[in-house]
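Same chain, two partners: subunit A is paired with subunit B first, then with subunit C.
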Partner chain A sequence: MIPACPLRSLPRGEAFRLDAEPPIAVFHTEDGQIYAIDDTCTHQDASLADGWLEGCEVECPLHASKFDLRTGQVDAPPAKLPVRTHRVVVEDGTIFVIPSEAPANLPPGVGVRPQGAA
Partner chain B sequence: MRTVAVVGASLAGLSAARALRDQGYDGRLVLIGDEPHRPYDRPPLSKEFLAGRMDEADLALETETDDLDATWILGTAAAALDPGERAVRLGDGRTVRTDAVVIATGAAARTLPGTERLSGVHTLRTLDDARALRADLAGAERLVVVGAGFIGAEIASTARALGLHVTLVEPAPAPLAAAIGAEMGAVVAGLQAGQGVEVLCGTGVREVTGTTRADGVILTDGRRVPADVVVVGIGARPNVAWLAGSGVEIADGVLCDATGATGVPGVVAVGDCAAWFDPAGGAHRRVEHWTGAARRPAVAVRALLAGASATSGSSGSDVRPPEPPYFWSDQCGVRIQFAGRTGPGDEITVEEGSLADRSFVAVYRRGDRPVAVLGIDLPRPFTRWRKRLAAEALQSAAP
Partner chain C sequence: MSTTSLPPGPQQSLPPSLMSTLPGAYYTDPDVFALEQRRIFESMWFCAVRAADLPRPGAFKTVQVGTESILITRARDNSIRAFYNVCRHRGARISTEESGEVKRAFQCPYHAWTYDLDGRLVAAPNLTKMPDIDRVAYGLVNVAMREWLGYVWICLADEPPSFEEDVMGDVRTRLGDVAHIDNYDVAGLKVGRRIVYDVKANWKLIVENFMECYHCATIHPELTEVLPEFADGYAAQYYVGHGAEFGAEIQGFTVDGSSGLDRIPTVSQEQDRRYYAITIKPQVFVNLVPDHVIWHRMFPLAADRTVVECDWLYLPEVVDGGADIDRSVELFHRVNTQDFDACERCQPAMGSRTYADGGVLVPSEHHIGLFHDWLRGRLSD
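Right after this comes the complex of A and B.
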């Protein structure tokens, strides 16, 4: 379980990029849900935390693929693969992410940096 | 409507095919493309693919969930359109009968006259071009890029990162000046120079020298720059020659209304070959960007399907105007994003970040109205501005 950020520092409609390996994006939707997915778009190298949040969907800021935050499914191309989702718990006002054990769908040309590397 | 033919099997054609199925068209669908390849993505050709970080499989545009139920005719060009006969004639003599046509034949790279006889001179538009350039760069030390539009500037940056000595030559005062204005183009010139690219603006190329293989260029100011490889990146012209005699009106591209409909009923045009009427600018313009080729086909297909059901053949009134043009470019280790359109005299203010940090969002205003936004390495605020421009464009188009 990784502590992400205090709940009050993530207002509704906002996103937070957690510097994990690979990075994780945490979203607080307008209707109060919190979701975590891999931050890197599965299409190419863009950060989904920088994307456009609408309902339970995030639109990639680069080529506008849409991902369902609940399932990670692609709702609009060009992305071909779903983005990995992570479980979230809120305890004592802090958002925690439980990283998924499933393999990440990283885009071509983007590798996972070895732990601890800069 | 029983058959729709999509001519051009790349991004705009594939997007049109998807839009047809998404919008409920269940008749026969034929895609005709002159390249032998399944639809592939071009932007990486000057970036990750050229750098060797992506391979050909990564370029595929189709997804596993695509279920187009289409007939593909690849490796064969459309040679003529005969709307009266409702037919597309193919280069190999065959004819495809069809009730409607989506024109999506894109554009081809312009070449420098007189360079055809020389090896070592490249343009970059297709996968085959990219393979050839990648192979040629592998053995080269000095590259001259003629033209600092997006593709030229990206190739310069990629080749520099591969370790080549690169000279970027541009007659305009700055790189990307036509798209983002000279003032912000100068910022890009600074990024290129900072990476070690020699940027020569305000001068053109008079001649590419060499007997069988290019060995350099002579600039309009008389200077000579040696080169092992020369890339010509001086824009693209729409692939519309095959439409001669079809009755479809052609200027710089296929003339369309603001929904992609041509003057010929049952014929729409999308992507780089199409000059849609731009209500904001009051003129027809081609938009040669990925996002336009990916998203506008849904608008054109709506017009096509509405036209098929309306007796007048006019496009439906519920058709929304297209979003302001958007493009991105990766070069010099930064991501450039731009939305809207700029013209001379626009006032530019930096709204977030700073030029010094090479990370900022700049907004272009005409009078008090924001008309365009440029982002360098700040996607989040850029996207908010882009959405705002789109919302304002929608509002001002509302009756």
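Right after this comes the complex of A and C.
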């Protein structure tokens, strides 16, 4: 379980980029739900936390691929592969993320550094 | 540009009735035009777009100001923002459209550098790998902006001159008081018609034409019918605060003198049944009549080419109610066409050897000399 940020520092409609390996995007939807997915678009290296949140969907700021925050599935191309979703826990006003253990779908040229490496 | 030498003035002495115009080369020489772009259009306040043409966040217009393309949009907070239309990455034009609407960001079509409506760099491929790129410092470059009379005025100068002295000052000089234009509630009016004229003439010929009325009785029969005093050749711009009075039989400022549209209620008694004209240097003409305002914006594109956008502005209820504005618009559309034809007739002769020293101004045109003095002052060091 990784602490992300205090709940009050993430207003509805906004996103937080958690500098994990690979990075995780935490979204607070307008409905008050909190979701975490891989931050990196599976099409090209772009931060989904910098994208556009609409309902339970985020649109990549570069090429408008859309991902469902609940499932990680692609709702709109050009991305083909889903992002991973991660469990979220809010405890004592802090948002925690429990990273998925499934393999990440990262775009070409983006690798995962081995754990513990600098 | 140290190599440019301005064309010399005329050599011969003139009879007292006459003053010289600028030499012909001022209207044809690309070096003079380049100097005007830098010292005038890129240095002064420039009336760019009607604010209402940006109705929603993300709506945008691009305009040519001097040598620069400027992107003007409305941000999320509804404020209007102006930027150089240049991607900070490799310099591609962000937009090549004259107008349009983006949902939430401007994206360079080359490498997808993406800017929000405040100009901030919000995304780019691999941007997260380059945390040392400041998203404001590498955002779109801002241009100074003012909103006045419902228009967006921008200034490319590093230190913009005083808007109050320059822009409002020209209104004050003409009308005697800025309050006189406030009576027309120009910001509250609505565009009823817009006509864009692509004029094959130097912008200064258009300014000079607008400033004098020596030509009125000859080329503007309809206008002179409505404003009989124009037949004496003295323009509405000759006397401070003077508006030309409608003829006794004239009911409204229309092509046939028939009644116009609903009068702007805040227009004063002295302003009723009168026409006022203002030149706001360097590229705006304003025409005020009791029921509408005619607003010209010039976009000088080359020494021999100027695009003029002309807006006819009426009370919102007149436009929304679908009133017939054809006879109202037709009067000044004819005036525009007559004037621009005259300017296009002059342009080819500006390069004639017989016009090397320029022509002459008669007494009712002598105030154009002030424009020439102003221009020479701007262009000299």
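Here, the second predicted complex is superposed on the first by the 113 of 118 C-alpha atoms of A that agree within 3 Å, B and C clash if a C-alpha of one lies under 4 Å from a C-alpha of the other, contacts with A are read in each partner's own complex, and residues count from 1 in each chain.
FYI, contacts are C-beta pairs under 8 Å (C-beta built on N, C-alpha and C of every residue); 3 or more make two chains touch, one makes a residue touch a chain.
Here the structure is a predicted model, which means the values were calculated and not measured.
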Clash-or-fit label for the pair subunit B, subunit C on subunit A: clash
Subunit B versus subunit C as contact partner of A:D75, first or second or both or neither: neither
Partner chain(s) touched by A:P23 [first = subunit B, second = subunit C, both, neither]: second
Which superposed partner A:P108 touches (first subunit B, second subunit C, both, neither): first
Dominant contact partner of subunit A by residue count, subunit C or subunit B: B
Offending stretch of subunit C which, after superposing on A, collides with subunit B (from 3-11, 21-29, 57-65 or 219-227): 57-65
Subunit A residues contacted in one complex by subunit B, in the other by subunit C: 44, 46-47, 50-52, 61-63
Residues on subunit A engaged by subunit B in the complex (per definition of touch): 44, 46-47, 49-52, 61-64, 74, 77-80, 108-109
Residue numbers on subunit A that touch subunit C, as the complex places them: 17, 23, 39-40, 44-47, 50-52, 61-63
Complex contacts: residues of subunit C adjacent to subunit A: 103-105, 107, 112, 114, 122-129
Residues of subunit B defined as touching subunit A within the complex: 18, 41, 44, 48, 53-55, 58, 61, 63-65, 290-291, 294-295, 328, 335, 337, 379-380, 382-384, 387
